[in-house]
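Before anything else, here's the structure in question.
Order as written gives the chain letters A, B, C and D; numbering starts at 1 within each chain.
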Amino acid sequence: MKKLSFASDYMEGAHPAILQRLIETNMEKTEGYGTDEFSESARNKIRAACGASQADVYFLAGGTQTNAVIIDALLRTYQGVIAAKSGHINVHEAGAIEFGGHKILELEHNNGRISASNIERYIRGYWQDENHEHMVMPGMVYISQPTEYGTLYSLKELKEISRVCRENHIPLYLDGARLAYALACPENDVELKDLAALCDVFYIGGTKCGALYGEAVVIPEHGFVPHMLTIIKQHGALLAKGRIAGIQFDVLFSDGFYEKIGQTAIETADMIRRSLMEKGYQFAFHTPSNQIFVILDKDRAAVLSERIAMGFWENIDDLHAVFRIATSWATEKEDVRRLIDCL
Amino acid sequence: MKKLSFASDYMEGAHPAILQRLIETNMEKTEGYGTDEFSESARNKIRAACGASQADVYFLAGGTQTNAVIIDALLRTYQGVIAAKSGHINVHEAGAIEFGGHKILELEHNNGRISASNIERYIRGYWQDENHEHMVMPGMVYISQPTEYGTLYSLKELKEISRVCRENHIPLYLDGARLAYALACPENDVELKDLAALCDVFYIGGTKCGALYGEAVVIPEHGFVPHMLTIIKQHGALLAKGRIAGIQFDVLFSDGFYEKIGQTAIETADMIRRSLMEKGYQFAFHTPSNQIFVILDKDRAAVLSERIAMGFWENIDDLHAVFRIATSWATEKEDVRRLIDCL
Amino acid sequence: MKKLSFASDYMEGAHPAILQRLIETNMEKTEGYGTDEFSESARNKIRAACGASQADVYFLAGGTQTNAVIIDALLRTYQGVIAAKSGHINVHEAGAIEFGGHKILELEHNNGRISASNIERYIRGYWQDENHEHMVMPGMVYISQPTEYGTLYSLKELKEISRVCRENHIPLYLDGARLAYALACPENDVELKDLAALCDVFYIGGTKCGALYGEAVVIPEHGFVPHMLTIIKQHGALLAKGRIAGIQFDVLFSDGFYEKIGQTAIETADMIRRSLMEKGYQFAFHTPSNQIFVILDKDRAAVLSERIAMGFWENIDDLHAVFRIATSWATEKEDVRRLIDCL
Amino acid sequence: MKKLSFASDYMEGAHPAILQRLIETNMEKTEGYGTDEFSESARNKIRAACGASQADVYFLAGGTQTNAVIIDALLRTYQGVIAAKSGHINVHEAGAIEFGGHKILELEHNNGRISASNIERYIRGYWQDENHEHMVMPGMVYISQPTEYGTLYSLKELKEISRVCRENHIPLYLDGARLAYALACPENDVELKDLAALCDVFYIGGTKCGALYGEAVVIPEHGFVPHMLTIIKQHGALLAKGRIAGIQFDVLFSDGFYEKIGQTAIETADMIRRSLMEKGYQFAFHTPSNQIFVILDKDRAAVLSERIAMGFWENIDDLHAVFRIATSWATEKEDVRRLIDCL
């Protein structure tokens, strides 16, 4: 029997509706670099979904690239970015932010989340330090939704972070690599319109949410980042056939599709969570989204790994470790049942 | 009647065979970041086509990105890259190479080509200059095939450049964004196996040669660039769904497809060239590949531009300018006939 | 009465012997950029003092510059530097290391010191992590002697750190901004020759140890860093009148002067430490070198600060804070007595 | 008899008046990093000499460093600096500007000078190019006075360049490494006050004009470059003992000293020029300042080089080459007479 895969949410190709649209449009000739009508249509649908009719929208290829481009665009050379110690930019981007010359100013986190009060304390601490001119100036805040731990910021938390950023005149940037899975969570209360109202820049993930590749950067205030196309080009992030990303996001933002595409992932994750609880498994921490962090006896995990691909997260002690089970838009209920049977 | 487009070679989606294969494989689950079996299959076919069974092969998204990654990987921080003044990296990459900290050491060019003797003179001049420790050390050579002018290096020229590089212990890197169109030219005598034998790194263009996106970097000597995956990741160039590029190149390198995919472009370009000559048009310079640089009366060009999308190249004088006509794998003969009728 | 200054160790000009030598040599004509005979003489004396006859020695202007140059010279672009969270490069260099593209990989510290076992654990953890190719590779270790907390590594500790670095094939770099004050400590057992034997690169501080400016970089193994002059130049750190630094270090390394120049600082610091203890003051932690970290009642500190310039270190609680008292080669015993009277 | 040195203008230590002042102030204690009273006094004298009472003034150590810091401070990451192909930043700074991420946008030059019309053409050409978003945006202009060829911009030329910069909203930066020698030329009509009125940033050279080291950056409009101290620190260019540069510039700007210190150099250069002309030597080009570019028969030069240190400039043909003879504030008339006798 074929091995089950719950290793991550980018294991398949694209949602069939996306492939279908690529086929339909394939031989049409369009301009390059995102100036085509498909990309413009996608931009308009994203603007509408975000309630940000003047927003600048750009399509990039992947998450690390997007983070590097945005952070470099928002910071002056002598500024750093405040982020959770656990932030993707701080751990799993191979130094892409430092490659652009910027320090990541780490904050302690609560299962991936940082708090408005800690951000505020850091910024104040910087400016009150008599040696602050010898230190890296905090120039923006980076958060992710869902976080790298699969947790969510509540609307209240996000509003507080946004307020601190605005009071201190530094932009707030939100990494939405898995945003569709946040939007599909019953306990989520942060909508796209909230992101547009509270963030200065955010990106809507495509790669992990049904696209072949692609992330949509949204800058609610038109012109907030001047010369963005040149910045994207300089980072090697401007795709000649920009339409391919445009077409994909045009599909994802037709008829509220993006807000629904994560539902299967959440439903199947909930099935797995319930089953794990019933069977007496412990979780490393609670997550409402498509990632589950379960504690397994290592011997048991070794046996399971022959039948199920999961992600190793971290060791707890000599006998136990945390493993990540991830669902996606493409997860099939039959596979979930087989997974539950194995556990 | 619909406007004709001869503006560039990335105006359509992908070759239908590629789309077909993406559909067939869509719901299979694979590992990410290029570790999947499709990518491995593509790598093996590329190795075979290049006669380089040990080659390291990586798939990136676009040309500027690939140039920035490779140049950064090959140079030490204090070194620069020798290139034609007209080289894409020097003109149309928005400073991506300098963003990585490297100076481009310009050489004069002959319609896009640089000569072995000029390269040698530059390198010798550097080392003989008593102030050379205050200057940027030449650390590699960048050329493109076809060049930005649509011209080709002959095998003899390429061998000479390769010899100079090896004698001076600096790597030779070839940008093959439009390589399929060189390979399909009757007057071309440089095959993939020659590139693998003569270059230290080169890339095989996908974006402009039938793929949705993607470029295949070939490093003939295994391990020549250590830790390449981390370098790619650091540049934001590592795609999570690596398989998408892998599948595309797997198609392009099945049954010698890549070496044939440019034929339509060359045939149709030849039709246009012959017709232009018969009608008495002048060319800015001769090109054997899929780009034609024709001199037009500006008034005439203004009229034509309503029916034909062409690329503006440069002004000659107040009355005349050079325009670029490009064909591609997707150019239809019917469109060529209509173009010729207009001219 | 004039305010007493114990704020830092760079409050005066240069040791009079240095000024005297600058006057004597002033009108001699020499070559630039460190190729002069004074610089060569200084290099030879430093080689002798370090027992490293083949060492490469370079003179730079200041500490942050030296750290940025060396770290950039030792790392490949995708590597980071392991350092104490409290390391000068991590806190008080305004992002100079990140400006060069490198991440600082923080370790917890013990009053400024990091341990061989923590370094080893970090390096092993990196290579054992299955995602390590997505992470910043540890490429060198940075330590300082004395540390930013005025503490010292023992010879045993330094040997262990050196062993870990060599077993893992990554260079060890030691920042000796205040090295003269370590060398003059009775409890110090690390000599210049030990540094040359155990470090791959280290620098001998001049600015804080009696020079107008200048730091001497020592690379015990000749040729260990190729093209160093170009790297220095690229960082804007190559002084045209290289002789000025050369002359200063020639004086500092004549007749073992450098190993003695810190004695006054240590003697006076000891006087202050003893007096503070007798008067019942608490220290934040013990230091054997020229910096004393004393806990003061904030109200008392406010009064004292009118008569004594000290450095604010950090708050303990609402009522107490840590203050730094620093002595130097130029500290006068009369000032120390006056300080003690005030306390 | 001792070999004569006319190789450059940084062959001696400092002007005796500077050394004298360093001695007088040596044991005074001051704050670090340029916050001391000597530096403040120097800043005020420079402001007065420049007729720019609100100017921000900073002291750095050397020319390459200053250029790298200023250019990095003035440009956004995606911008480049327009400069003469012969500019010091483009040839002899080992890629320091590219290290900061910026491309140098070369203009053809007339013995080191670039023209307002060429600058304007370049800027217009950029904005008119339909692909300009893929190109490096011109973000500032760099010129030097005197130029690397020892030539001078006239006030009229400088006004035109300044006008073009202001009309195009890009800053003008002037490198005055040898500014004292321009100010002392009879044919110079550009005063310090003109520089302050026409440039956005310029620097007044100390290293080549009588100081041990040091360059004074002048930013006529207060606050034009925010957070400059942090930028300087990030570049490793902030000297702890800032007073040493401050004291030197305080001397150089007392009683109009800086405007006179180059006179000896110009008088002696004029003596040499007249003598060379009388003896029938040819010049590569005319220079009014302290550098003379004379054409010598190579055999003759080989003989001369045993008695006179000159700088090799460039080959003309197999038999002839250009050599540079430089005078300085320290050049003695006796040495000039001996030089003339040799020629």
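Following the convention adopted for this analysis, a contact is a pair of C-beta atoms (placed from the backbone, for glycine too) under 8 Å apart; a residue touches a chain by one contact, two chains touch by 3 or more.
Quantities reported herein were computed from a predicted structural model and do not represent experimental measurements.
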Query raised in the report: Among the other chains, which touch subunit A and subunit D together?
Result: B, C
Query raised in the report: Where the centre means the average of the CA atoms, what chain is farthest from subunit D?
Result: A
Requested in this report: Would you mind pulling out the distance in Å between where the CA atoms of subunit A average out and where those of subunit C do?
Outcome: 42
Report task. Round to the nearest whole Å and give the separation of the Cα centres of subunit B and subunit D. Result -> 42
**Report entry** Geometric centre distance via CA averages, subunit D-subunit C, whole Å
**Finding:** 33
**Report entry** For subunit A, residues that touch 2 or more chains besides their own
**Finding:** 77-78, 93-95, 99-101, 133-135, 230, 233-234, 238
Query raised in the report: Which subunit D residues qualify as touching subunit C in the complex?
Result: 5, 7-8, 10-14, 16, 19, 22-23, 25-32, 61-69, 93-96, 99, 207-208, 212-213, 230, 233-241, 243-244, 330
Query - Residues of subunit B touching subunit C in the complex - result: 72, 76-78, 100-101, 133-135, 137, 227, 229-231, 233-234, 238
Query raised in the report: In their shared complex, at which residues does subunit A touch subunit C?
Result: 77-78, 80, 91-95, 98-99, 101-104, 106, 130-131, 133-136, 312
